[in-house]
Each structure stands twice: as structure tokens, then as C-alpha cells.
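Please go over the structures that come below.
Shared chain: chain A. Partners: chain B in the first complex, chain C in the second.
And now, the complex of A and B:
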């Protein structure tokens, strides 16, 4: 009895190619070393070093200063509002994104291709343009008579717009790949459409749904461009963390800006890690 | 009758897939739906399972008109070519699925699932996931899953089609033995005539969406209804305007009554059998003989021999065109 997932044995020493590079003392092949090296270098230059600098800067003047900077009333209000709004946005897009992905994969309707392309528009559009469009539609001169400008709902709307593609685009390919025979097998075993969805389809989609939600959430807490116009940046009301950071920088408070940035970073990291743990826990439970 | 299919028609778009198909499947039998791909056999199986709706016609299962019943309510077990394993569930939970849906007590489920896993020799794999099983094991799991709900009929769609030749042969024999143990009315689809002959009690030959012939393996092999069935069920060759099985041809070096003269063009040894390729009046034909027989005749390419169909063997006259 063999299994499909047999672990491939490590290449034997003296395998073809080993002779030619006999002097290399690295157990990895040249190709792997090159790949790994450039990946680490790139990650360091683009991501790790800048983030480390931010964290470093935030601790410039001691932990006490860090704490005071984060808990100034306007900064704290911006942070809690941002995180709260992002949770709501992530949850709404979790549900709506999954539904949209479902419709795009499973249903046939005229204009499906166009809708499928439109999903990516929030990615393609400069976010400030998105803010401009939303303000024109739902601002004081709204043709629809809905004025959401300078309100928290307006901010949530902007965040929903910007983060829509994440869940759709993570769930869609998984749904496409999902074996339809599984659903028919469930049906012939007596499962209703709902039972099939709940017991067969959903468990297969959850990992993609969770990672899409995590991406939407982390994108949302960092959003600047789309919210800057529609929010009106009213401190204690509609100002989001990214805009608060920007105003700190304008006020020449570099350390305070870095401190708030660090808090956002920690929140994002905690969100990503806990969703990852949730997934592992889920897959272990089966 | 466990299954009665009457005058079923089904088209996909404008392409007819099933044309006036009527078949009867006896209770407790093991029936093969045999035919070339695109012949409609899988569609017929799916119509019986309720996974496809026929355009016209009826399907009765155990005397009940099931034509408009949903798959959930037909009480059929269906096994798919590519296993359709629930990959997020363990082998145990896969097999238990139908029983869990039926809200059977936990103890009963555990007992029944372990019995079935023993039946399909997977009792040690209960906690594995489908991705950790081989193709043959996955298909046996799928079979146990389908049997768990005690279906009135078991339907298998090319069950061994995705497996390699060796496993396929093992599973075939095993399916036959399993059926002798469990006695559930079984219909399986195959395009492999050897598989159908070896496993089934009854063979239904389907081509171009219509039933060509129904009979026991011996009947369809020995008394094919038409040249198509004869060609599909086994090797054929053409002698004197008739289709003959190449092992039903007498070959001799001396003139015999009713024999035709032929020239040996090639001799191919395939283990114990020898394939003698002939030319008869510009037409190619071949004869299958045993190795011993070929050695006794000491045939050489270029020899002239006399061939005639075995008296008593079945041959089909091809209408001269």
C-alpha cells in the first residue's frame, strides 16, 4: 500500500551535478541558494528594514513617551475607530465577498465577464480617486440624495470599496477548483442543498475566506487615500489612524507618528497570526 | 426488477445523448453498461441516480416511479470515477456521512462504519484523510460510503477508470467477490469489454445513445446482435465477407472443403499466442493460434495456407457494399 503523499527522499549525495560542484559545501543546490538568497535580500530591503526602522523610531524617546503618544485623546480615538471600522468592514466583505465569488463561479448571467473585471477596479484605481468618486456620489451634492460625507458610515463605505477584491479573489479560485462531484455525492447520500453547503462546501472554503478577510482587515486599518476626502478628517469622529499619522508628521512629531504606526503594525500582525492559528486549529479538527 | 428504465430520451443542447433507452435490471444482479465513450452510458447511470433529468421517459426503482424524485430521495449509492472523496473529512467521517445526515445514533454509526471499513479492507485507515490514500484505497472508501446508507441500488461510474492497470484488475475481482457477499443490485459503467465480461452477470451494450444488445457476457460475446457489438466485445477479422473471431478460424496447409487460399504475410509471437497475419485476395486478415499449433505447421511468411471459419462458430455476414 503506497500513499500519494510519500515524502520525497532528499537527493542522495553524489547525485548528478554533485561532482561538478564538488567544492560547494552547501547542502542546497545552486538554484535553491540563489532563490533563497534573493528572496531574503528583497524581503529585507523592501519590508523588514523599513518596518524595523519604524519600530525603532517609535521607541526613540522611551516607552513612556511611546505610551503617551499613542494614548493622546485624538490618536487613541483614531486608532479605536480605525480598528473597529476595519473589523466591521472585514466581516461585511467576508460575507459579501463570498457571495460575489459564489455568483461569479456558479451562476450564469449576461455581463458576467464585465462584473468579473470590475471586481479588480478598487485595486487599479488610485485610492484618492475612489474617495473622490464616493464623495461625488454620497457627498453633500449627492445625486442620490444620500449624504454620508464627514460621517463614520462614509468612512466604512470607502473602506468597503477598497477592500472588496480581497475575499472575492481568494475565494473564487478555490470555488472554481472545488470538485463538483463531492456535492453530487453528498446529495446522493441524502444531504439537502443546505447540508451540502454547510458540511461539504463551506469547510473547503473557510481557509480562503479567512485569509481574504485577514488581508481585507489589514488593508483597511492602513487605508489613507480613499478615506481622506469623505471623512473630512474630523478628530474624535471620522479621522482614521493613517490620517492621524499624517497630521502628526505634518506637526513634526515623527516619534508620535512612528508610535501609532507601530500599534497598527502590531494589530495587523496579531490579526494575521490569530487567523493563521484559527486555520490550523480548524484543519486539525477536520 | 430493481430498476426499470422506459423510453428515456435525453439531449444536451441539440445533441441527443440517450435515444429511446429501455433497460431492466434484475434485483441482486451485477450489470455492466458497456460502450465507447460518448455512447451515453454515464448519462444513463446519472439519470438512474437522479443527477440528470431525462427529457422524456420514466425510471422506476424497486417498483416506485423515481423519475421526478431528487437524488436525495432515491436511496441509490453512487460511486464516481474520480472518487469524489470529501477531502476535509477523515476516512471514517466520509463513510459515516450518509448516516450522520440520517441522524443515526453515534454508537450505531461507529459500528456500521467499522463493519464497512473492514469489508473494504480499510479498517486501519479510519483516521487518515483521503489525500493520504492511494487511488484504489480512495475508491474502496467511496464504495463503503455509498454502501453505508444501505442503498436499493449501487451505481458505479467508471469506478476503476482512473486507476492503473494492475490495481484495476485487483479491484475488479474484488468487486465481483464483494457483490457475491453483499448482493446489492449493482450497475457499473465501463468502456472496457474485458472488465464487463469478467465482472458482470448482464451486459448492456450502448452506442450512440441507444441500446445495441442486452445479454449475459457469453451471449453478447458469442452471439453479437450486429457487427458493432461483435467488434466492440472482442477481436474480429474479416474472411470471405464475414466477421469472424480470429480464434475461430481453422488454418491448414492442405486444401480443405470450404476453405479459402491465403498467403502468410507475417507471424507475430505474443507469449503463448501467435498472431498469423494473412493476405486473402488483396485483403488483410489475421488468425490467432496457439504457439504449439504454429510450431507444428512450421509457417513461414510467403507460405500459402487454407483458412475457413470453425464449423459451429459464429460469424456475421457483412452486407456487401
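And now, the complex of A and C:
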């Protein structure tokens, strides 16, 4: 549920919001300073200083030590598996998320409102519960006879579960606002349904599809709770990076844990910066 | 026109089957398994001393975190929308940072700063305040992961609202507090409620960050999500399923509440 507020686009220049902000004059600078000071202090004590200490701690004993910590066989296996699984999860989300958004906007069938509400369930459900429900259906006691527990496919399934809303919720509003005149014009000029989709609809959706995919990717990279139960935490096989960090903390190897955490932070940062660039590129194309 | 209809059916079936197997069947199965033997075992499992204690810990931690993030959320939103200062874009970006951080990294970060063997943690310990493996650390972890939710819910509405009415109140002699209480607060009320509900749900459901900083001490620092995991690992499926179902019901209620409160745009 965390990100469904974040994906809402900021108001465009010229919207009432932007106008109100530009006109705002009344605040007293003393009040601003006090408020800013408190906000920065709060963020620093809880978020910024602790994260800075993680990065500092990872480089504490030199870059060589950092590199050795990241490339220990189990940590490296966890990192590569996490990135690989996240790429697969992001790609499946790109396709399935777009299809689900399409069906929710353009199709009509009974119960559509319920389906639309259900999409947000993975954000509302605690991650440990997400892992448990998947294990109930796809675990050793599966009524379907499919046992994905302790397998890499099981981990991918858990990641697909928790990232489901991202692409749907970024593509859906764009699709809702899409002007259908162009599609009708294309159709009346003899374009096939597929041609209309590829030439008219898809170009408008691509920025939203890509930002949803990037968000799903960052979430997958960082995911912990949903994979704990279904992965069985097997090093070299199903252990994801976050679980590897967790076992290093439990084993009192804080420097090693900090090194892998730093790698995760860097990957997330790169993904988010690319996302920001994508959104600017998207808004420039109008 | 046979072809478009066929593709429409195909897409609808594909989307619904995907959701059925990924979402509906797993969640439905756990609810069915929990209530399969009737309501009795469900309530028995949830009224065991450990479960009740886990409920209490969860509520304590979540309430503190929600109160802290609500106050911060209102203040930061007003700061971001109504005030001008250098570094505003940076502050705006930093508020979203917690969402990109793995819950385990959150836990590690807090241990490194507030743990017993760190300078700050050692100092606090000498004053008799234990942060890590105790409630304050769990509150900090929960605050960290749910930090952006209230701000992100309130900022767009505050922008939309504009400040004409607040300025009018000022010219008529209202104090800042009066203007806030009589003009701003009623204007952002439903957005604030939306943000608080999201924050509360996230706080009740947090697992990873709390798992790291709590030390997972049964009957001491065990929250409901930690209870689910610990019971499941100890082969007590009925208790794990009952607690998971309770958390799932909270999630469904949250979902319905946010649907009601979500600002229409």
C-alpha cells in the first residue's frame, strides 16, 4: 500500500495547485525556520543519520573489505538472484499490469468494481501474511498439488504478489484520460485493432508503463517479508539479498550486512533516478 | 467484428485468471482454512496469552508511530506547500526515501545508531533507555517505514485548497493557530484521515524492520506479524492462520476505508 499515494502524478504547471503555491506569501520566516528545523531533525534522527551510518559502516574498513563482503559466495549469489528475479518480476508486471489496467478501463463485466478494489490488497496485506497465503496454496499441502515451496519460482511468485498494484495503478489513470477520438479516427481510416493499439494507444501508455515497472523493480529488490516463508532461506538457491542481510545481522556480522545494504540502496537509487528521468521525458512528450 | 470481441474475451480471461491464482485463491484459502473448523478455534487461537500480548505490542507500537507521523505529516505538508525555503525539492525527495529502502536495511540502520554497542545507544542505555530490542526501537522502525504516507496524502489537497481563505482569516485578525484549526484542518480533513488510515495499516502490518530491531522475543517484543511467522515455524498452523486472517481482515477494512476516504480526482 505504501506507494499508491506516491505514484499519483504531481500537479502540472498551471494547475490550481501550482498557482496557489506561487502566490503563497504570508508565512513568517521565523515560523518557517522553526518548522523546517523540526522536520529536518525528525527526518535526520530516524531516516537520514541511520542510513548514512549504514553506508559509512560498509566503507569503514576500506573498499577492499567492502568488495570482499559483497562478493562472498552466498552474498553474491543472493544479490544476483535478487536482481535477476526482480527483472523477471518487473517484466511480467509490465505485461500483466498493462493488460489488467486495460481490462479494468475498457472492458465491462459484472463484479468489475470488486476486482478493481482487490488490486490494492497486496499493498494493504502485511508481507508475512502474503507469504503465508501463497505457501498455503502453493506449498507442501497445496490443494492444487503444486509445491513451489523452497523454489526460485516460489520466490518470484511472492514478488509478483507484492508488486501487483504498481503497473496497474500507474497505467489505469492514463488509460482513463486517453482521448478515444484518435482511435476512432484510426479505425475509420482502416487501421486494424492491433495497428490502432500499437500506433495510437501504446505511445501514450509507455511512460506510465515504464514508471510502474521501475517501482515494481525497486520494491522487488528490497522485498523481505513475503519471501521469508516461501523461500525457506536456502543460501545459493532461494535466498534473496534482504534475507541474506537478515542472517548476517543475526550472525552479528554488521559490516557485511552494511555492505550488502549499501549495494541495495545504490540499486534502488539508480532505479529511482532513472524513473525520475523517465517521468520528465514523459511529461516533455506531453 | 468477431475478432475484437475474441481478443476482448481473451484479455479479460487472462487478467482474471492471473488475479484468481495470484490473489483470490491464496487469500481465500487461508480464510477458508481458518474458519473451516468454525469460529471457536479462531477465537481460541487469538485469545491465547501470547496472541493477546502480541496484539497489545502491535497496537502500542502502531499508535505511537501513527501519532508521530501524523504530527510530522501535517507540519511537513504545510511546510512544503505554504512556505518557501532553499532545499525544498531536496526535502520533498527525501520524504519518499523510506519507500525505496528494504525493511531489513531500516532495521540494520537503527541498530547501528541506537544499538547498545554504538555511542548513541550506549549513552541512552546509561540513562536507562533501551531502544533496540525494546518498544522505542520498534516505534522508530515503524515510523521510518510509514513516514511518507500522511505527507503524500495531505500535500495534493493542500495545494488544491490554495491559501486565499487562510489569508482572509489573517486579515480578519485570526491567529495562525485559529486559522489552522478553523480553515486549514477542515479543508484537509478527509485527506488526513486517508493518510492516517494508510499509515495505521502499514504500522500494524510491518514485519521486516520490526523483526530486526525487536530481537523477536516471544511474549516481550513480539508483534502480531512476528507471531504469525514464529507460530508457523513452530508448526502451530492454526494459530498462524488465525493471526494471518485477523491481519488480512484488518487489511480488507483498510481497503474499504481508503476507498471511502480517497480524494476524488
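We take it that the second predicted complex is superposed on the first by the 220 of 286 C-alpha atoms of A that agree within 3 Å, B and C clash if a C-alpha of one lies under 4 Å from a C-alpha of the other, contacts with A are read in each partner's own complex, and residues count from 1 in each chain.
By our rule, a residue touches a chain if its C-beta (ideal position, glycine included) is under 8 Å from a C-beta of that chain, and two chains touch if they have at least 3 such contacts.
Here the structure is a predicted model, which means the values were calculated and not measured.
Peer 1: Compare chain B and chain C by how many residues of chain A each one touches, and report the one with more.
Peer 2: More residues of chain A are touched by C.
Peer 1: Could you give the residue numbers on chain A that contact chain B in one complex and chain C in the other?
Peer 2: Dual-contact residues (chain A): 1-3, 5.
Peer 1: Please name which positions on chain A make contact with chain B in the complex.
Peer 2: Touch list, chain A to chain B: 1-5, 179, 181-182, 184-192, 195, 199-200, 203-204, 283, 286.
Peer 1: In the complex formed with chain A, which residues of chain C make contact?
Peer 2: 3-4, 7-8, 11-12, 14-16, 18-19, 22-27, 29-30, 33, 72, 75-76, 78-79, 81-85, 91, 94-114, 140, 143-149, 152-153, 156, 159-163, 166-167, 170, 176, 195, 198, 201-202, 204-208, 211-212, 225, 228-229, 232, 240-241, 244, 247-248, 251-252, 254-256, 258-259, 265
Peer 1: Which residues of chain A touch chain C in their complex?
Peer 2: 1-3, 5-6, 8, 11, 16-21, 23-24, 26-27, 31-33, 35-36, 38-40, 42-43, 46-51, 53-54, 57, 96, 99-100, 102-104, 106-107, 109, 115, 117-122, 124-129, 132-134, 136-138, 143, 157, 160-161, 164, 193, 218, 221-225, 228-229, 241-243, 245-246, 249, 254, 257-258, 261, 264-265, 268-269, 271-272
Peer 1: Which of the residues in chain B come into contact with chain A in the complex?
Peer 2: 49-51, 70-72, 74, 76-78, 80, 82-90, 93, 97-98, 101-102, 129, 131-135, 137, 142, 145-146, 148-149
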